[in-house]
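Comments concern the structure below.
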Amino acid sequence: MKIGFLGLGQMGAGMAANLLKAGHEVTVYNRSLAKTEPLAQQGAKVAGTVADACTGAAVYSMVADDKALEAMAFGADGILASLPKNAIHISASTISVALSEKLTQAHAKAGQRFVAAPVFGRPEAAAAAKLFVVAAGAPAALAECAPLFEAIGQRSFIFSETPSVANIVKLSGNFLIGSVIEALGEAFALTGKAGVDAHAYLDLLTSTLFNAPVYKTYGGLIAGGVFEPAGFAAPLGQKDIRLTLAAAEALNVPMPIASLLRDRFLTLIAQGGETLDWSAIGKLAAKDSGQ
Amino acid sequence: MKIGFLGLGQMGAGMAANLLKAGHEVTVYNRSLAKTEPLAQQGAKVAGTVADACTGAAVYSMVADDKALEAMAFGADGILASLPKNAIHISASTISVALSEKLTQAHAKAGQRFVAAPVFGRPEAAAAAKLFVVAAGAPAALAECAPLFEAIGQRSFIFSETPSVANIVKLSGNFLIGSVIEALGEAFALTGKAGVDAHAYLDLLTSTLFNAPVYKTYGGLIAGGVFEPAGFAAPLGQKDIRLTLAAAEALNVPMPIASLLRDRFLTLIAQGGETLDWSAIGKLAAKDSGQ
Amino acid sequence: MKIGFLGLGQMGAGMAANLLKAGHEVTVYNRSLAKTEPLAQQGAKVAGTVADACTGAAVYSMVADDKALEAMAFGADGILASLPKNAIHISASTISVALSEKLTQAHAKAGQRFVAAPVFGRPEAAAAAKLFVVAAGAPAALAECAPLFEAIGQRSFIFSETPSVANIVKLSGNFLIGSVIEALGEAFALTGKAGVDAHAYLDLLTSTLFNAPVYKTYGGLIAGGVFEPAGFAAPLGQKDIRLTLAAAEALNVPMPIASLLRDRFLTLIAQGGETLDWSAIGKLAAKDSGQ
Amino acid sequence: MKIGFLGLGQMGAGMAANLLKAGHEVTVYNRSLAKTEPLAQQGAKVAGTVADACTGAAVYSMVADDKALEAMAFGADGILASLPKNAIHISASTISVALSEKLTQAHAKAGQRFVAAPVFGRPEAAAAAKLFVVAAGAPAALAECAPLFEAIGQRSFIFSETPSVANIVKLSGNFLIGSVIEALGEAFALTGKAGVDAHAYLDLLTSTLFNAPVYKTYGGLIAGGVFEPAGFAAPLGQKDIRLTLAAAEALNVPMPIASLLRDRFLTLIAQGGETLDWSAIGKLAAKDSGQ
């Protein structure tokens, strides 16, 4: 399949490489050209503009946030202006429901198709083609994308014909991770003040009921208390909770733990935590308790 | 080892049976005599009073709450009045930190020893000797109890010389489960209102980041929406959150998610949910959102 | 003073009338022409377009929300394109901090001046020239506006040279009212379930420590339980809490009661309360408690 | 009327003095004898024991908390053992609903009567006979107490035949004050970070919608930032919120602002605020926001 790939950050670089390995013909674009080189060595064509990467049957986008995707999608040289009729824009970024809906309409109006296919997994999973793909869109478009999803992930989950539903599912997943961080933070604050060793406590949790990657990863970070360098920085976590709350507001769904997480991120950042990993909110309960 | 066992509910019956299987000489006591029969058939002696079960080197207690344990422990015919000097009272119940501290002092004054050893696991795990034992107390006493813990569980975790610390750890675990229920409830409310099928959504979660028993069990209950018969009834969950908050208050630790859970249980019970499984609080976010 | 007045809703109509009474030469504009008639009878000139009302030394705007003000301010025929150099745009609407900042910059760029001067008070206070004016902007501009503030209000409060600060102060006031509604709702839920008559209880509160208009007004609405017709509709209250939270987020200030109010409004509206007075959130605690 | 008065703290001393002034025959008791002297000079008889003050038609108690009242009420020499048949125990202290119910039953069993009559007002109001009395109990008993209430207060509010209802009303009042402190704290945090002067802001609030003593008093304390010496110490505020939550729990009423206040007091005290005025929780939002 002849496709474009926009955005070669930590995630995108791995995804594009795996698409190449699977035999697809990939034209890559990145704002700073340097990041295209490793891909070029793996056989990718390099596009100098967004438009040059939008000439195939599909174009994948994987960027940091709404702003970055809007900058690529709209405008004279953007995805919408460049993509052929009937081609598919596959958005893998964690973006707002509102932007996903806007893109759905804009692509329809332009005679193109839009699929939302955000992913779960960290850069290592992207490199190893072990991502989980959460996809939504028109069934025919999804069927055409299936080989691409297979190339980058270990499993795909199809949820709806409405693309933005995939974005809601992705956001809800990050909300659930945030809630684990906060709950662990409160439990560590309680047991820590009672004199329990954090690592021994975490060992108990993850050997028993909470034997899941998310408890091991984030519990380890909170117990260790080292939040730099950030694997996923606090402002990104804050952004995802903001987008979750915006999606929930549009549907009139109150989510009190999400509201609490919002307040935690504001506190963390107000107190200078901008460069820390988002799991640093898991220290605030302990801090409140005088530890 | 010659021991007594007090309380043959769903959990206690399995634990006592496994102590017998391991070759210990067990005298069982239960308020209603009927429940002692299956144990008698497995070789247990049956005591007619609490005192009659308190003649060995140790006595295990496994009852519903503080009130039940206080009724057994104090008074003319109770554990404290009956246990030989230097014998050990092993408390496996989920009780308050305050009662655990009170028992620690009372047993010390009586020349006896007290060990707190609550367990994680449901009745099936108790029957299969697959419990996780969380224990705290004087090292020598814990060493003597080790064979008993091995008989009932798959692994023991020792935390402190202060017995009540084991109770805090146990309570914190139930708090973490409650926080999973609430967070899942909010995520289901959001995705459900966006039209996502609850079972498909849960499949995604438990196939990926949240691949842990607690998400499968409670996610399944919330997705299914069937909360009767209760595996663990709402008033018991409410009690454990109450005890968690009491322990946290004694240590000056604010736990906002625990406060939220407290309010959720009050709402559930005010609206007639007394007989439901505690995971029914996972429907309140959806209800608030008009689903 | 020769001025324009944009927006003749319940508030604007009273304000414009009082400006006329004070001897100012007022040209009024309203989207639907019908509302201009009573003012014309009181001596106002009627403008057919926004631009026609923007020919004097100042123009007052008093509209429902950001969207309405943006529609009037920007565009070929808008305030910015029409107002003479050095003239003042006085914004009395409850708008976002972000829009206030945007207008400040846009007017400066256009060689005009911008003053934010939102008001506290209901339509009756507007009609009686009893509003409280909360103003911020360049001191010289505020000095020129002083006679206008005097014409519509009983007292003016000057807060800052930065116009948007007046908007923050106004929003914080509505947040405080919302917090009174919620706290009263919880107190009514508690005392009501204990059998206390709501009106007798309110009489106690407002005869003693809580002898303030806000307790009388909103306490009376909650005790009476009649929320239609709405004096200030739930979506407007929700909007003000949303703008408060947005302003707080921009400054990294966590406001947990504001977060709670946000969730309350979502619940109220999800359950069909869109047409009710915003004080209807004061019934949700009672509802949660099964009353 | 011949009565006893137990507890001559800041509040009780003023109340007893006013009962004397109104012509009642008052026998006073206080744990430390020194405080009885000023009353003796005003004509009071001094009792050496609780029992000696319990010989008239009624006895008033005004002490710090449940523990103090329980110590006076029960035991061989206590109120219950000493009061004549049909005499009335009037409890003015802010105590728990549970203790109020326990006293109601105990006095009934002893052939005595119990009236709960807590008061609103600070020591100056007690000295000036300007308290507000909130009373509940059997109508006949309340009628007999009316002259006593008149002697100490400016107005009485009768709520129920069940004494504990008066305690709930009193607690709900303190909860409402606490909610004002927290809401003001959040509003000050927001406006303060925007550069608004706290005293100017408070002047606006208390000149307009929030023209009530509670806003002036507590707003002034938060704006001033001086919380020592405490007018009402943080642990007392914490106790009243604890009792409010206990009363609400017994009635299955979730009160999220009360839960938030609970967490705020834990934070304040964990961080060393034990000796501060309870309004010091009004600084926590500012602190969280990095101010």
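Observations, loosely collected:
A, B, C and D label the chains in the order they appear, each numbered from 1.
Going forward, a residue touches a chain if its C-beta (ideal position, glycine included) is under 8 Å from a C-beta of that chain, and two chains touch if they have at least 3 such contacts.
Worth saying up front: this structure is predicted, and the values here are computed from it rather than measured.
Least step count on the touch graph, subunit A to subunit C: 1.
Taking each chain's centre as the mean of its CA atoms, A is the chain most distant from subunit D. Between the interfaces B-D and A-B, more contacting C-beta pairs are found at A-B. The mean-CA centres of subunit B and subunit C are about 54 angstrom from one another, to the nearest whole unit. Distance between chain centres (mean CA atoms), subunit A to subunit B: 38 Å.
Along subunit A, residues 248, 252-256, 260, 263, 266-267, 270, 288-290 each make contact with two or more other chains.
The part of subunit A that touches subunit C in the complex is made up of residues 242, 248-249, 252-256, 259-260, 262-264, 266-267, 269-270.
Considering their complex, residues 263, 266-267, 270-272, 288-290 of subunit B touch subunit C. Residues 120, 132, 134, 155, 157, 159-160, 162, 164-165, 168-169, 172-173, 175-177, 179-180, 182-184, 186-187, 189-191, 193-197, 200-201, 203-205, 207-215, 244, 247-248, 251-258, 260, 285, 288-290 of subunit B are the ones touching subunit A in the complex.
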